[in-house]
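Both complexes below contain chain A, partnered by chain B and then by chain C.
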Partner chain A sequence: MRLNRSRRHPGDAASAARTRRRTGILAAVGALVAAVAVGSTAGAQAATSEGLLCQTDPQQTFSLTARTGYVSTPDGNSIYMWGYGMSSGQFQLPGPVLCVTSGQPVTVILHNDLPEATSILFPGQKAVKANGNPAQPQLDTGGSLTSMVQPAGASGGSVTYTFTAGSPGTYLYSSGTDVTKQQQMGLYGALVVRPAGAAGQVNARPDSAFNPQHEYVFLLSEIDPEVHLAVERSQPVDWGAYNARYYLINGRSMPDTLAPNNASWLPSQPYGALVHIKPYDAASNPLPAVIRYLNAGRGNYPFHPHGSDERVVNKDGHALQGTSATAPQDLSYLKYDIDVMPGQTVDALMDWRDVEHWDATSNPIPTQLPVITDQLLVGADTWFSESPYLGTKGTYPSNITVNNECGEYYHVAHSHALQQATNYGAAFGGMMTVFRIDPPAGCPTS
Partner chain B sequence: MTDESRSDAARRTAGSGLGRRAVMLGGAGAVGSVFLGTRLSFGQQAARPTVVQAAATGPAKSVHLAGTDGWVSMPAGSPDDLPFFPDSLAPSPFDTYVFGFRDVTGMSATQVAATRGKAQISAPMLAFDELDEVTITLSNLGLVMRPDLFDGHTLHWHGFVNAIPLFDGVPELSLAVPIGRDLSYFYRPRDAGTYMYHCHFEDVEHVQMGMTGMVFVRPKQNKTPLAGHPIGTKYAYNDGDGSTRYDREFAFMITELWSAAHYRDAHIQVSDWTDYAPSFWLLNGRGYPDTIAPGGNPTSAAAGRLQYQPISSLITCNVNETVLLRMSNLGYQNHALTLDNVDMQVIAKDASLLRGRDGYTNYLETNTVDVGPGESRDVLVTPHQPGEYLLYDRNYAYLGNGGGPGWGGMMTVLRVGAPGTYGPQTQPNT
Partner chain C sequence: MSTTTAVPPVQPAGPSGPSDPSTRTGREGRARAALAVVAVLVVAVLGLLGARALRGGDDPGRPVPHSAAMETALGVRISRVAVVGDGGLVTVSYVVLDVDKASRFQADVKHPPVLRSEARDGSTNRVSVMRQGHINRAGATYYFVYQNTGGALRAGEDVTIEYGGLRLEHVPVL
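Then we have the complex of A and B:
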């Protein structure tokens, strides 16, 4: 039964908004429009339309501001949030992806525009200092914990955190103050630590090498809109009634996850989650993509990529290896479902291999693609190529919008706690994105 | 992502005619006879209720599945949860509306049509050998209770590596099977291990409604046992060292069942899936104590209220035998399965042997195995004392049936007999 709210009410405003958004996605994905850097990423590396947008700085010094703002959801909702953004930019969700080099000093200056104190915890980093003093839990005069780390005071306060970037990998940074509320409100981001002298590896092991053109962060989180409404209205939050309705990758839900980085219609949600690769080839495309998973939510997110296993090589900023001093044993493993726990990070290498080499003339599939009238295509648009063969497009019914550009393959990737793969209960949404696999020669530029 | 060594080996084998023939010859061995054995006619199907073992000749195997709706029974004595449970529309002796698959391999069109409205949970258990050429035809028989719906069905072989979208079963990225039509999916599994399959049409609904089943792939090492091992030795993986050898295997489809959602589907209402709050916790579609009832057959009324839940979860073995437990979770919650008195060795997760690219083995010894939604585990146990041992979800909230008193939910029994108590296993879960 179709439960997609916007589709069940084709005349309402949410549907109209969704249609506009879909159209935008189609244009952006189909034409591979190079995104233009805007606002919050003004200081970033050259902006690309897909993949990881790193925030870098020669001194590894970042000035962040905690602000209020709004994000939009695919069903037309608008949610009040708190988030870290570049001080030179604007509110964004999630916070900027800070990319640094292991062993080098890092400075993060936090300015606080929120109506209450806030802070940043850097779990996994050692000897963190706040304003030059060791980062410590904060207690009130009665001995009760007020913050897990020195905060920036409400409405204009600031605090400076310094540390030496730890072992290579991915780390979640998030508020250490009133954490249940402030993390739910959106105060989180990703910190990527690269091995010194080996930026194309996840960690110091050569077998963690990846293709730098295909690096992705999947920061997973969730939203209970009732909490956000209460905070926006300065009303008490009923945490006993907590029930998340939206599940996010990089602050967006499917299908917004497919939109390019810095999509103009998602002004405060700058990061896409479309994975875009070509088939593995030993000569021309030997290196895998890397996906860095982070969980900024309250429960496990069992993330299931279709079409390919992923090799888990790093967890919580540490290589999966044994203790041999001379040749540390390889403790990495392949998974078809990455069950990411709260606060955990998992770095996984992925590729897709054309093992069957189906070809319409030399190696046809042994089954039949049904004629159009015997197919059920779901929804008003499709990513299907109407062909089994990579790089071939078939014939479509006239009443469907075609998102497929040149016969490329699409595989979905989503939380397998399937209620999380919905937008407020409507299927094919939520914590979900798509892996796009182009023909070896790529799609002809259109 | 594919293991370099095993994919290269697979490609070499698949790419040459000689390799193909070798597989076929290997299939004539003792192990092969279990799975490549006789193709049974419809009338004989009663003899193999839980596992589809298709096709007679060589590595080409055909399975025919039908997708439809039906009625099943939660454990006797489960308390009322009106109006959701028991469902007022349920025909006796059933209480819960489901969607599900049926094995209709070898049936005539008339016989296939007769399974409409007679879905089973868990779905038929599928087992293949590596490099089998598997064709699974899915027929959509429609929903007896919901003539207003035009839901499609699909087959998603969850975890199948390097799939092409046409055979991956995601309707938004390929296509679904409309009511009254069928579609054939092709698979050539290259990697041994424990997988699962489910419908991906409106997946949050169709998976919860019961369109979930086990599929596993046997290693080619079975066809050429290691030195010193007799023909017929069974391995879970191509381990090269015999470390995944086992005597018996039992597979468990782990799911939860939310009565309210099933009721709403029968009564033309919709669920907000983010309100997910399951009422029953199931192994192979049954809650304890039904889990330990014998396996049945959906074509026979002999099992009464469990007719359409034909797969038993009772584990039996002789002392000192090694038992392979295949666990796949298609519920929406994490589960942690504890076995009392017998250690468990986790040898694989998600159909991948716990072995690094350098060959370093990293099996895990434990008494509790965690399985997240969409994950699988392969676990070896070797009981050394006869007796009865409980296998159960260590989250005690999941050891009840619909909130009622007493024991229930996600629990089963490992029954260990003295040597010779149980003859050779011919089917999983028997």
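Then we have the complex of A and C:
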């Protein structure tokens, strides 16, 4: 516009008026386009309803801020938490999923808005530096440990951690300061390290390839609300009375685990935990999903997906393989119950295979209980989908409740320590979700 | 936007008096066309914003209507209806007001509440297994998980909940 103005004759009022009109119109159109773009952005976010939401950066540099906030639980509770969030964002639980490439430098800048010092540990990463110095335990003048790593000071401090991303896989990152309390308060997140040049693999082995459209993180944790209440009130915590009441996948409990990413009613808990796939097909759907399990809690979480084994291919960021330098043996294994220990990570490939050659007419899945044990949960009620096979609805016994949109199946997946599948003791809830398997041709209404 | 659309169609004065009518008509036509474009865009944006507001999925604070009759009869207050499971499932959350009545309501497995879409001819009464197998606590929230039969319910629309001859209308679906 400035160029146009300089070219017009100073006395050309008509031109000036035209220019003003055009400017105004263009400004209006620009504003309208921007408004429409805002709506489109919201639509794009809504489209990302499930699966991994990766935080990436071309320089692999992330600015996190430790903040206070609240999460909601399905039974109506609201719990005071601490959490890492993007500095440009807001409080969230768990921390952002940081996705980086193996062998490349990573920088994490931690800002601290908490009332006490805090830090980040990166277990599994080598030669981590804090503000350019080797990251190491911090002692007070009396020789007592104050932090596992250099912290960011309370109420406004910051610290910068740098390291080279290690072997491909999944890692927990969490507070290294007053670990028991701060990790319980929610200071944890997932770090996904991808193989250089092979982002579609869990590790460097080609047989760890997965479908990038079906990548999931299951960050498991727990909450004792009494601890959180004490911290909120600046009262001492009675750890002898510790009793977890809520069990979470990605900061949510069942049924909130089924809700989409960025569900509007869970503004501080952005990550869902629904696995949504189609049956394996050598031609059209050859690659499995990957589920990256992490345990940020205090106990063992025996995670049990109904309906299908999962192939464990990685643990703690290391491929399960032999030591042969030329052709390391494949040591991955199928598992029906994934035990995830505190601090551990387990990467598992998952697909759904029709090993019985079901057919809606010639070999229908029988509809009598308890034949389809994989689809039963507990008692007479079931997640059975009233479908003789995927995509086809059929008759079903009157005592079976059903769960079906287009002939799809839902398999429950949950902690098999059943007290962990409750919301403050109410069954079922807690560390539970479903794996949704759509008909091979897809689900027209989803 | 209103500032832009309020810009008057200034009549340019040429160096030799009033401008040529044909030129003026052309300019006016262009101005009218431009304004028409702006007007269309305004309508489109207002429509978009209105649709988003009506959709409600962006507004978790939109209140769920209450029915005193239903709450008295059932002992529960519906607190949220949400489409989940990537469109295939629906969660219905409710707060227990009266433990005894709520327990009876929850145990009535043969007559679950019907969720009837107000936007299309679709409904579901397919309650999944995830019923609470426990003693209810007053003030706590519990839930049902429904199958979303044929995609009957969609986020941003309204649903009517029917149970035992009682109706709760215009419940926003998140």
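To be clear about the criterion, the second predicted complex is superposed on the first by the 363 of 446 C-alpha atoms of A that agree within 3 Å, B and C clash if a C-alpha of one lies under 4 Å from a C-alpha of the other, contacts with A are read in each partner's own complex, and residues count from 1 in each chain.
Everything that follows uses one rule, which is that contacts are C-beta pairs under 8 Å (C-beta built on N, C-alpha and C of every residue); 3 or more make two chains touch, one makes a residue touch a chain.
Keep in mind that this is a model prediction, so the values were computed, not measured.
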Touched partner set for A:Val434, first chain B, second chain C, both or neither: both
Touching partner for A:Pro74 - first (chain B), second (chain C), both, neither: second
Chain B versus chain C as contact partner of A:Tyr410, first or second or both or neither: both
Chain B versus chain C as contact partner of A:Val202, first or second or both or neither: neither
Touched partner set for A:Gly425, first chain B, second chain C, both or neither: both
Contacts of A:Ala273 with chain B and chain C, given as first, second, both or neither: neither
Touching partner for A:Ala259 - first (chain B), second (chain C), both, neither: second
Which of chain B and chain C A:Val159 touches, first, second, both or neither: neither
Chain B versus chain C as contact partner of A:Met185, first or second or both or neither: neither
Set intersection of chain A contacts, chain C complex versus chain B complex: 377-379, 382-383, 410, 422, 424-425, 427-428, 434
Touch list for chain B against partner chain A, complex: 1-3, 7, 10-11, 14, 133, 135, 146, 149-152, 156, 158-159, 161-166, 168, 170-178, 181, 183-186, 188, 190, 201-205, 207-208, 265, 270-276, 330, 332-334, 349-352, 354-358, 360, 362, 372-375
Residues of chain A that touch chain B when the two form their complex: 1-3, 207, 243-245, 288, 300, 302, 304, 306-311, 322, 327, 329-337, 339, 348-356, 358, 365-370, 374-379, 382-385, 387-388, 390, 409-412, 415-422, 424-425, 427-428, 434
For the chain C and chain A complex, residues of the former touching the latter: 1, 3-5, 7, 9-10, 12-14, 19, 27, 31, 34-35, 37-38, 41-42, 44-45, 48-49, 52, 57-60, 79-80, 82, 84-89, 91, 93, 95, 109, 126-134, 139-143, 145-151, 174
Footprint of chain C on chain A - complex, ascending: 13-15, 17-18, 20-22, 24-25, 27-29, 31-32, 35-36, 39, 42, 46, 49-50, 74-76, 254-255, 258-260, 263-265, 267, 274, 276, 377-379, 381-383, 401-406, 408, 410, 422, 424-428, 434, 436, 443, 445-446
